[in-house]
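So, here's a batch of structures to check.
Note that subunit A is present in both complexes that follow, paired respectively with subunit B and with subunit C.
Entry: the complex of A and B
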């Protein structure tokens, strides 16, 4: 059992990691066939991951409802929404439209999911405005620079700002293309190097937390 | 005066909410229609599509869900109008499961408006799991990755896919992305190996993070947020919801700027006080 739980996943990870790192540099038909098949496997495995996620979500909220923890009513709403959507989805054979006519699944999608998600996102505008009013203060030199550049970019990215302060457009373009790009690039290089290091550690079996349970597993 | 400043610093946030609501609603009721300036990054996308020969293949990846609809749907509509006007073949798909119905709706609406036929002029492949591995699968063999499209019609033999075997046969790809599963993923798993030209369209909030890809040439153009969509509508000389929404966005930005500046004025007025605001 320990072999199945520990050694086998490590061996599979090592072989697949090394093989498909090398595969990238070998454009031979056999190598191409291998990546075609493995990509299909990965698609299927991702599909199973979706079911796992769904099962986990159901489980977490079932526990909340059972124990009646504070806010368990929301879990009930989540259950009703998910089960309702799944039932209607099956009823409509997963189709949103049939011969141009909207199905009940399509109706639920268009008139509940789209407006609900849109509402959640648009509420951000109100909270960002309120938070900016309270928190965006020139407390230090660095905060002042951030404040000034934010104001210029907010001006330069909309027609009213470009009309009132014509130079804000050019300064915004410069800020985005030069300063912002340089900083973002530095962050990206750091993150990418970290990802490469982590990938190597996983392939070589040094990092084993993905096996679950802890480092000594 | 200090008492007024103190009261203003602690203003009820519902007043700020009301100001923002008014700033968004009033310009939608009575637009002031200011001209839209076009940035080089949006112009680059337009120019590339404009230079494509007829029946070239444009791949449009709808990597967003309804929460980003106000910003990314106008981009999709403008790009589709341009592509159909140029008589290009369009292949669509999404990496976001919850965006599937939305993307199909956009395709159906614009195709009907431009007199284009499904499976002949365009195809919407729908959603399939996998993210990066799905891109690799499409790069190897499009028909294995998507044996059928969103309407469950077999993809092999479709007139719109004539001569298209995998991503190497795509002339231009645009990913309209609201987050991680989007532009970067298309570059890393797609463009880098299968060598097609690509651009990105994104929400305003993630656009600054994509500028390094733009500057390095990993993407050749970038449509950022509602402003980017409005710029594209200006280029195709067909105004839509983005141009209409820019007045509201202008006013909202203006209100936030005024609020932030005012708050700083009050902050400096109270700065020397004992127990000053921080």
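Entry: the complex of A and C
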């Protein structure tokens, strides 16, 4: 049991990790075919794993409805929405359009999913405004520097700002290309080193907590 | 009079009968198997000419054999397609600097298969004049090793060696200094606060799947958080966007409860799937935040446009928020709306920092050696490139090429 839960996953991780690290350096078609096959397998596994997700979703909301916890009505809406969409999808044979005409599945997608997604995305504009208000309050020296540079960048990025403050464009470019780029690159170098180190730790079996439990069993 | 007429006749006849200088075909034309490829392309190389100009064009004609019908596959001005510094590393150059180089890739119009021989010739055109090169033949073949990336492989092996040496050193001397990371020190405080308030802890693992490093880092931190949650007997909620990540996290949380000596307190429903759709997931998590008002929110892993929608909602509920991401484009939103943010590499250092295991802490020292090396290369490379430009020499390219990324 320990072998199946511990050693075998570590052996598979090591073999696959080393193989696909080497794959990066091999341009041969055999190597390309291997990576394509693995990508296909990952898609297949993801497809089957969706059943796990659906089972979890149904279970969590079934419990809520059964126990009538506060807000259980939302769980009913979820059941109705999901089962309704699946039924309409089967009815329309999974097609959103047939001979140029919109099917009921297409209609549901275009007039419920798309507007709902658009609504969530558009809320972002208001959230950015409130977050910016909080960030730009000049409470400290650092926040004051942030506020000043943000005002300059905002002026330099819109035609009216450039008209009113002609030098704002050049200063904006300098802020973005020199200061901003330097900091971003420093972060990216750190991120890359961290990602490589974590990958090596996983491939070599040093970091194994993602398997669950402690590290040195 | 006769003399004048004779001279006129001589002069004008000279003008009328002098042929324009004949167009020379490209010199040194050869067809090579493209190095470091899949065997689906050919490399064409020929010498640069002083008469190359934008008005003079080069046409590439190819066929499956010298006797088959040739097909035009490319055309470009003759003063283009030179080999420039930085195109190839010095140890894997198919053509010399200043020579013309064209990679003829397989296409629908002219498919190229490995192991088959092809004939290629060039046509130089300048106005009405034309000149054909000799026919050159080449056979593409796939390669088992990309020699242009040998420097990359050397660095990977060297970095692996440094990491292993750092781990060995950490085993011998486990007292390694770690700088304070406020966001990780606050984990205990956040869990304690949730316990006092009797509210749950919300933990998100980001938008990525299990093949992404930030997601793995997020699941590793979840294990450490879950141990403390089990110890404090607080409620943990982990909504997921990916079913595989959910399955992995279920196992991690379960084992964490066992390790904390509280297997009875583990709830199977603490990890649950919502949807893989970005904004549907965001709406559902925002709903959880507003209805259940968790006292602590953790945002670990990679994020996209949903980051601000999640964290701003969390901030409005008064929860203590700790974020950790390598998505540099989302960092400003996290810094603005969260109490603590683990920036980039701090996310990957979190498991070592929280567990304090010498083996994991040792890898952080290895990373620091790697960063010191990169910083030295940046300084040295900038100095050499500047001196090279000022002195007008390309000799430093032999050193600089070693630190470039070639495909």
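Just so we're on the same page, the second predicted complex is superposed on the first by the 184 of 217 C-alpha atoms of A that agree within 3 Å, B and C clash if a C-alpha of one lies under 4 Å from a C-alpha of the other, contacts with A are read in each partner's own complex, and residues count from 1 in each chain.
Here, a residue touches a chain if its C-beta (ideal position, glycine included) is under 8 Å from a C-beta of that chain, and two chains touch if they have at least 3 such contacts.
Here the structure is a predicted model, which means the values were calculated and not measured.
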Could you look at A:42 and tell me whether it touches subunit B, subunit C, both or neither (first, second, both, neither)?
both
One more residue to check, A:163. First (subunit B), second (subunit C), both or neither?
first
After superposition on the shared chain, which partner residues are touched by A:196: those of subunit B (first), subunit C (second), both, or neither?
second
Counting only touches as set out at the top, which of subunit B and subunit C does A:155 meet: first, second, both, neither?
first
Going by the contact rule set out at the top, does A:212 touch subunit B (first), subunit C (second), both, or neither?
second
So, A:117: does it touch subunit B (first), subunit C (second), both, or neither?
both
Contacts of A:32 with subunit B and subunit C, given as first, second, both or neither
both
The intersection of the subunit A residues contacting subunit B with those contacting subunit C is 24, 32, 42, 46, 49-50, 116-117, 120-121, 128, 130, 132, 134, 184, 188
For the subunit A and subunit C complex, residues of the former touching the latter
21, 24-29, 32, 42, 45-46, 49-54, 56-57, 59-60, 63, 70-71, 74, 116-117, 120-121, 123-124, 127-128, 130-132, 134-135, 184, 187-191, 193-202, 204, 206-207, 209-215
Spell out the part of subunit B that touches subunit A in their complex, as residue ranges.
11, 13, 16-17, 19-21, 24, 32, 34-37, 39, 65-70, 97-98, 101-102, 104-105, 108, 128-131, 133-134, 136-137, 140-141, 144-145, 193, 204, 208-209, 211-212, 214-216, 225, 227, 246-247, 249-257, 259-261, 263-264, 267-268, 278
Where on subunit C does subunit A make contact in their complex?
36-39, 114, 142-146, 149, 152-153, 156, 159-160, 163-164, 167, 209, 211, 213-214, 216-217, 219-220, 223-224, 240, 242-244, 246-248, 251-252, 254-256, 258-259, 269, 271-280, 282-283, 287, 291, 305, 308-309, 312, 315, 326, 328, 331-333, 335-337, 343-345, 347-349, 351, 355, 357, 359-360, 363-364, 366-367, 370-371, 374
What does subunit A use to touch subunit B in their complex?
24, 32, 35-36, 38-40, 42-43, 46-47, 49-50, 96-97, 106, 109-110, 113-118, 120-122, 125-126, 128-130, 132-134, 136-139, 147, 150-151, 154-155, 157-163, 169, 173, 176-177, 180-181, 184-185, 188
